[in-house]
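Multiple structures are listed underneath, in structure tokens.
Here subunit A shows up in two complexes: once beside subunit B, once beside subunit C.
Entry: the complex of A and B
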């Protein structure tokens, strides 16, 4: 400790003086600061920062996997002097949904199950923060982490598009729509991931449950949609999309953000149906928040 | 603003020797607000409860508990389920009382929970440490959760970990720590924001006798050196009587007794001795008793307390008594298992209670069985 040495007399450099206990008279920044601290710690933790090397591997790997296709697309677009990017901004997250799903499944439980398993939660609540601060910090942190994950490749695409001298206004509009779409996706996926993970202190269960919730719902919805389409009852296709998170996002962006639907036959929802989609998405986000609040209300010491 | 005492210290001149620190500490306390800190609370109630009750649908955890706790180290004793943890929960403002009121540091628990938790530290009974981070990282994070700015959080963490006796190992992941080290980390996170009061819930749980003694010594220092009041719970009365200025005994959510340990302090010490049996003296204890009687030393056997058959209690008048016991035991060729000082007044507390007709059997047994 440099400070301690500085006051030791010359010739006694090696001795460490025990000057006893010192009281803290500095500022105490209170509840809002504590909430921000928890937010930044959780956000950093979502990418393994401030944690062991081992826990950095998966999130960083997924981040790279998420960005590499965008880089390739950009390289191709620049090299071939293409007139448009091979993939829409809004479509990118839908294509990469498996990676996003894996990320939520690995980092959702990391964020909340650990606190439950190691019983760190009571320590948080013995400090100035309240339940609402904990829930908001955790929710915001995972949503932000997801936004970083999903927005980064869009930035790569946008920068690449500008380098390839594609139409600026057109690209900026698409980029903006893409950002709105992934923001909505981040909130929705973070909510679902956290609600599921907060039920179990076991990280493994949490991971499996989140993956199951995301993939099974998508698998079921897309299968039934395909069957409905084949049976030429295509009017049912948009309604079926309400039952899985990624198709919900797909529906919202098809209706409002100028995206082309990934539904069979491109049978995206109309504007009217789009309102239902949006209401369901916002309802799910609010519902997740409400469930988390309820989950942590009773967690005392 | 946070004034670094070391800076002030520099202005006042450099220390001349290793023994200066105690003196300078006093000066420093005068310069910072620490003295005001210590004196403000001298005659003030730190915790006050007034017919505090907590009822759950099936159980009554606290039953009209009224108790005043002053500054210093206070022991909260009771069997498991006596309502100790419930009381702490209410005092931290985390759980509303069914009726009655409570104040901590003059703040109402029902309305000012946040302000209380900013000034109070809490060390839970259970394990609460994530294994994959280092003690430093964890305590820094907890300091920031208490509102300390990043730089202050790091500085206080280094100081606090040193005070609780964690040095190089603080950079290693907590998962590899021994129980004793984990307890120190738990204590450090409760102290890192320099609270005015700490709640320590069963801090000696799971520790071996040496670790237990170290922890109790540390708890004592929290008050004497750090100037922080302590409320420490235990189901072992014996270990609290050495450490605490005041003991509050609860049973079944009711206040059984609240008394100062100094009320009963005696000038003479009671010695407890225990010896082995040999072939020559099949009953070593009675052999020693007779030999001591022959030399004019009065003994008694703890009158019906558990282990009474094997432990002799006698009054130590001074150094000679220790030598005498040693010689007597050696002459008889017995092994001396233990010879320790025992302030037996807490046992007396319970003996009185028992004559009052109160059933405190369970607590009393533990008190003596594990007592120092």
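Entry: the complex of A and C
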């Protein structure tokens, strides 16, 4: 030992002791790989894959609940040889918004609150990923999970429509419009859900806060819209729709994606108002991304 | 049957920090909307009834009930600190009963009171609309608090299941399948509200005797079973 020590260069003499662990000299997969792993793990986690059986129940149940009405509609359309599907592709998500809201509320906090509560966020950042990677991976994962949830029934409807020998060009156009609309919806809902749930380390509280933000705003907006419509001030109806996430999506798809509005009296926004809707939606998505970046700039470190 | 220390701790858990914010946000929103509607549309009994029925009783009361009911016991079971409470020589049904009283009080304070204020703003209690919905909210608070307190002892995902009941069952199925309305706390509460005022604006699909019996049965049964659950509570690890 003594001989060896005298041979080592001067700089390494400061080391107190070398207990002989082998260094890792394999390939280093780097930042992009870590980000991809975080994304795929979060996405799998949103459906309970790779987690306990108990945590699979709720997301899978919601997924089934989301798809079953589509299956029933398709079955009816095929059996009765209907000329059109009972529901537009763009309308489906608006009808099933309670299920989508519950999914965001249950999986958003699951994705980020537990990291905060068990203080695992610093461990992520000890890997070669930065704040921006964490935020993008989580955001992309939840948005993808939501897209899977909302696009799956549309695929069911589309396949069913083709089986029922409905007009191919017409159905494909509607299907495409529906996909664009649910993609926008997924981004918007994922952003709102993640921003709210990243504030609290308690899962139950995060769930309540997300569902309150989504449902209460919708309840308030639709009630006030109905009153405005009854008071025959229908011009105010489209502007009121700006204040809740699902009516925002409804407005955008009414203006640009050929949907019929679910607003009272079908008073959807015109193209001019539609631009405002689109700007607000994109602003909310960008804003929630910005808030998340701000939130994770120095979390738990 | 009532333990002041448990009650004090529960109040602090329910109203402490940010939880109180969300509890306050909903009533404030209701009152702001009522003021806005009043200034737009003026006093109108039908509008007042729509707003109180559609927003206050159908959306706000259940959500406050979920937050207060599950929040009274859920977090303690979730983080395991309930063992310190259970280790004390206090009967477990007493713990449940005390927490129920607190949950009811909080739900009433944050849902029935704002409903009354909103009703007064909307039409100054014309045709007894404000009083009817306040009574309905009071009655619903009791049943919701008991129901969601039970959920808090049964499952770790109490908030989700509570919301599924409140939003999917009562709102979605209740509007599609009329049979589901018979099994809805909201309709039972409306039946009581209808009886109290005798007006035509507040109506329910359930008769008063059925509603009262079901309300009492649900509340008592839920409280009793929650006590049983707490007696045989096993603390599971983190999933």
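As a working rule, the second predicted complex is superposed on the first by the 275 of 301 C-alpha atoms of A that agree within 3 Å, B and C clash if a C-alpha of one lies under 4 Å from a C-alpha of the other, contacts with A are read in each partner's own complex, and residues count from 1 in each chain.
Quick note on the criterion: a residue touches a chain if its C-beta (ideal position, glycine included) is under 8 Å from a C-beta of that chain, and two chains touch if they have at least 3 such contacts.
Computed from a predicted structure; not experimentally measured.
In the superposition on chain A, A:51 makes contact with both subunit B and subunit C. Residue contacts after overlaying the shared chain place A:227 against subunit C, while subunit B stays out of touching range. Set against each other, subunit B and subunit C touch different numbers of residues in subunit A, with B touching more.
In the superposed model, A:24 lies in contact with subunit B only, and not with subunit C. When the two structures are aligned on the shared chain, A:168 is found in touch with neither subunit B nor subunit C.
Of the two partner chains, subunit B is the only one touched by A:119; subunit C is not.
By the document's definition of touching, of the two partners only subunit C reaches A:208; subunit B does not.
Residue overlap on subunit A between the subunit B contacts of one complex and the subunit C contacts of the other covers 51-52, 55. The part of subunit A that touches subunit B in the complex is made up of residues 1, 3-4, 6-9, 15, 17-31, 33-34, 37-38, 41, 50-52, 55, 114-115, 118-120, 122-130, 300-301.
Of all residues in subunit A, only 51-52, 54-55, 58, 98-99, 101-102, 105-106, 199-200, 202-205, 207-209, 211-212, 215-216, 219-220, 222-224, 226-228, 230-231, 233 touch subunit C in the complex they form. Interface residues of subunit C, counted against subunit A in their complex, comprise 18-19, 22, 25-26, 29, 33, 36-37, 40-41, 46-47, 50-51, 54-55, 58-60, 63, 66-67, 70-71, 74-75, 78, 157-160, 163-164, 167-168, 171-172, 239. Within the complex formed with subunit A, the subunit B residues making contact are 1-6, 9-10, 14-16, 18, 21-22, 24-25, 28-29, 32-34, 37, 85, 88-89, 92, 94-95, 114-115, 117-118, 120-122, 124, 126-133, 137, 141-142, 144-149, 152, 156, 158-159, 163, 173, 189, 193-194, 225-227.
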